[in-house]
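What follows is a short report on a single structure.
Order of writing sets the labels: A, B and C. Residues in every chain begin at 1.
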Amino acid sequence: MIELTGISRTHVVGGNPVHALKEVHVRIETGEYVSIMGPSGSGKSTLLHILGCLDRPTAGSYRFGGQETARLTEVELSRLRRHQIGFVFQFFHLVPRLTAAGNVELPMVFAGVDLEEREHRVRQVLEVVGLTARATHRPDQLSGGEQQRVAIARAVVMSPALLLADEPTGNLDSASGREIVNLIESMNQKGLTLVVVTHDQGIGERARRQIRLADGEVVSDQRRDGTGMAESGHPTSADGA
Amino acid sequence: MSFQDLFRLAWQSMWFHRQRSFLTLLGILIGIASVILLTSIGEGTRVYVLSEFTQFGTTLAAVNPGRIETSGAPGALGVTVNPLTLEDAAALDRIPGVERVAPVVMGAAEVEHAGRSRNVFVYGVTSSSPEVWRMRVRGGRFIPEMDWRRGAPLAVLGPKLSRELFGDQTSLGRHVRISGQRYLVIGVMQPKGQFLGFDIDDSAYIPVAEAGRLFNRLDLHEIDVLIANSSLIDTVVGRIKRTLIERHNMEEDFTITTQTGMLESLDRIIRIVSLAVGGIGAISLLVGSIGILTMMWISVNERTSEIGLVRAIGATSTQVLLLFLTEAILLSTVGGVLGLVAGIGLAQALHVYLPALPVSTPVEFVLLALIVSLLVGVGSGLLPARRAAALDPVVALTEE
Amino acid sequence: MRLSDLLRFAGGALHGHRLRTVLSVLGVAIGVASVILLTGLGEGARRYVTGEFASLGANLLIVIPGKTETKGMAPLINTAPHDLTRQDAEAILERVRSVQRVAPVVIGTARANAAERTREITVVGTTRDLLEIRHLKVARGRFLPRDVPEAALCVLGARVARELFPDQNPLGQLVRVGEWRFRVIGLMAPRGTSIGLDLDEIVAIPVDTALRVFNRTSLFRILAEVRSRSDLDGAERAVLALLRERHSGREDVTVMTQDSVLATFNQILGALTAALVGIAAISLGVAGLGIMNVMLVSVSERTREIGLLKAIGVTPSQVTAVFLVEAAILSSAGGCVGLLASVGVERLFLRLYPDFPIQPPGWAIASALAVSFSVGLIFGILPARNAARLDAVQALMRRKT
């Protein structure tokens, strides 16, 4: 489903080029559960942003569902994010003035889904995340875990193909964190492709496939069954290891 | 994204910051209210002044001696080598399309009765004057038909003059002295009130030949011509001009002012003045729209991460632009509508307090005010909205 | 806390939010500039009118035939049963001691011919003393001779002379007015319009001749110049008494002084200016609202900062002072910018209309600045008090959202 070939991303900071990603090659198949780990500054957020079509690579090719994203316009990318990709963030990013239901509804508003359909789907996903009773509460009336569940409901309400989670438990206590991980894993089991970015080993190692980054390069890519992917991958990233 | 959704989202964000939104739209409210109030007063004055003039009829033309180009104002000097005469007036009366002609000699004189006296305007007129000027006699009758060149010691008093000299008693059949000459009062006019502050009721009317003798002049101040109907005005004015030029040795040494021409120029002047005053009032509107600009800018800054989020969940940059633009337009139109209500309310309240001050708010003003407040919203919202739309989603998301 | 520290602290906060600072300043600046400019326009109009009348001479009495008690905008009367005559004018000069000069005036329009050329003119019948009374200047030749009320002589206004005699010396030439012929003895210096009469369009002839040209017996008016301003009231009474005596006991003339006319004009222009300035001042109020709004936002944004200030022992009144100073800086800066802008617009205006003395009086500038300063203080009170009332612990604890 996802095919990154030779992806590089260079920022210019204070006149000097900073290489956030260097020649990254990754393939992710539909239904996979991938964690991306690495210390801060390793480029994992940049990789997530590129996967989410929020950022464009400086070089290389990113094919999503067989389509080359570099050729898409900004509007087409927005449409792709809208229908194919769901985001979950560390700081939830709920709109403070909207209720839980209102936040969940938001992607459908931009997609122009009609009202009846929206109500129906909001009810459905809130039930999935177990927040039916909290539908009319505002974010400041919800606990951290509840807020993240609203965010997850919002991420999946458009039935995307890919769920990107950026440190989803980073701002939660361990009990709520576990609940959140269980929730997104259960969604993965129903076929949703899941990519989790984290620096938390405990969370990351739950994934069936673990990609480790350092200094903008993939240093290891392993499946939990023990099969090392690094060697079968591309020689450039292996050189960096 | 549907219009209702845009509106709902904008409304929610406006309502979330109630105090701030209220203060922001208060600026527009005050601006629109003052413009509406001022233009309502201006429009009221215009309507009032025009009705003051049309009370004399719209098919009236006045001929004054002298050329307007030289003296600046017709009749202000009122003196020429070739003055207007009663014969000129008689000639005009024969022109086809002229209904009635009223020659006028006027001056100031003292009118006395039984020890009471009053200095007023005395008009030398003919029997046609009431019809030409649309005036009515309340009691008795007006100056009767007679040879214009021969006088008779008859007078008609304005109601105010009659009251000043005779109190509650009738003046009909009594005598007054005008500058020492005895005149029999044969009529009292119906009250006509003031004409632009000048009290018409405080005057006396005598036959035109009498006024000529009284003021020692044989020429006329003015000849007023009533034209048969309004479609004939241009034609008849042309005929008047030709007739008089012929009679005055081929010289155009007079000025013709039609009531419609006068009305048009007055109309123009008052419109310009009320536009200028309204424009000064609109300065507040400008300051108010700067207020919207400021608030929207602050709002974009505060909601940077929210903008990043909506981009991440699939909003296009155009949708983000519309979102913020709608908020600005909502602020300005709510302010505009409230300002409209306040402006009209103030204008009406003012009218109740000061009945002399005419006010009028035509529908066009209301529509214009709404359009203007809409434009204010677009104008002041565009810059912040474009900034919001141009934000890089990654930068916006990581902004904390 | 010293004032300089307070200013530095507030200035730093404003500098951090440059755009909103600039916009708040702009709002006040527009308000202040429009108030100052409108005051300047009003004051300019007043000066212009005063200047027009001053060119008449300050010590002038104007006698007009006729008198009414009718209220309102009556047209200027010049017809009355009793004529105002040249003899009346001479009697005023002889019998009213404080009057040093008189000029009888007859005005009418006529057509003038010279050689092949014809044009409309304003005929002014008068005497020699009009020259001094109206401060007129003769460019060439001489003005009407003294003590010759009737003669076929004329003096041409600048434009009349140029247009009737485009390529020859008008002096000594003949000008025909109606059936009459006049010999040109002088040319006036260009003067322009004064109180509605274009002095370049006139042809001056002796007063009695003018009465005959227009077939009149009464003067249009008499101008009488008194020795000093303090004599005006006495002279007015004396002239009225004299003319009543000469007009068989009736008071049938109106005497105007420059002062009374000027006072009316000043009153009207003053009221007009006040109204316009008042309307413009509304925008200052709107600008004040804008400042209040921005300050409220700023207080809520800086909740943690305020909590910190309180934690390190800053008193509520000091917190109030910090925010009040910030608001006052905003509005005063707006006042100064507005003042500068208005000076710029005035310069531009003066370049376009050099004759119109637009100049805001000093008090207007001073009060506009004072008002702009107090706008900040008044509209800053609410946000500053909000800040001072914040609870230190809660302010510090508040999560950044």
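Everything below uses one rule, namely that a contact is a pair of C-beta atoms (placed from the backbone, for glycine too) under 8 Å apart; a residue touches a chain by one contact, two chains touch by 3 or more.
Please read these numbers as outputs of a predicted model, since none were measured by experiment.
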- Any idea which chain sits dead centre by C-alpha averages? B
- Query: Hey, which pair has more contacts between C-betas, A-B or B-C?
  - Reply: B-C
- Between chain A and chain C, what's the gap in Å when you average each chain's C-alpha atoms? 73
- For chain A paired with chain B, centre-to-centre distance based on mean C-alpha positions, whole Å: 69
- Task: Averaged over CA atoms, how far is the centre of chain B from the centre of chain C? Could you give it in whole Å?
- Result: 24
- Query: Where in chain B do residues touch two or more other chains at once?
  - Reply: 400
- What are the residues of chain A that contact at least two other chains? 96
- Item | chain C-touching residues of chain B, taken from the complex the two chains share | 19-20, 23-24, 26-27, 30-31, 34, 38, 65-67, 69-73, 75-83, 105-110, 118-121, 178-180, 194, 196-199, 202-203, 214-219, 221, 251, 253, 277, 280-281, 283-284, 286-288, 290-291, 293-295, 297-298, 302, 400
- Which bits of chain C are touching chain B when the two form their complex? 19-20, 23-24, 26-27, 30-31, 34, 38, 65-83, 106-111, 120-122, 177-178, 196-198, 201, 213-218, 220, 250, 252, 276, 279-280, 282-283, 285-287, 289-290, 292-294, 296-297, 301, 400
- Note on the structure: The residues of chain B that touch chain A in their complex are 1-2, 5, 9, 12-13, 15-16, 305-306, 308-319, 393-394, 397-398, 400
- Query: Of all residues in chain A, which touch chain B in the complex?
  - Reply: 45, 49, 52, 54-55, 74-75, 78-79, 81-83, 86-87, 89, 91, 93, 95-98, 102, 106-107, 109-112, 154-155, 158
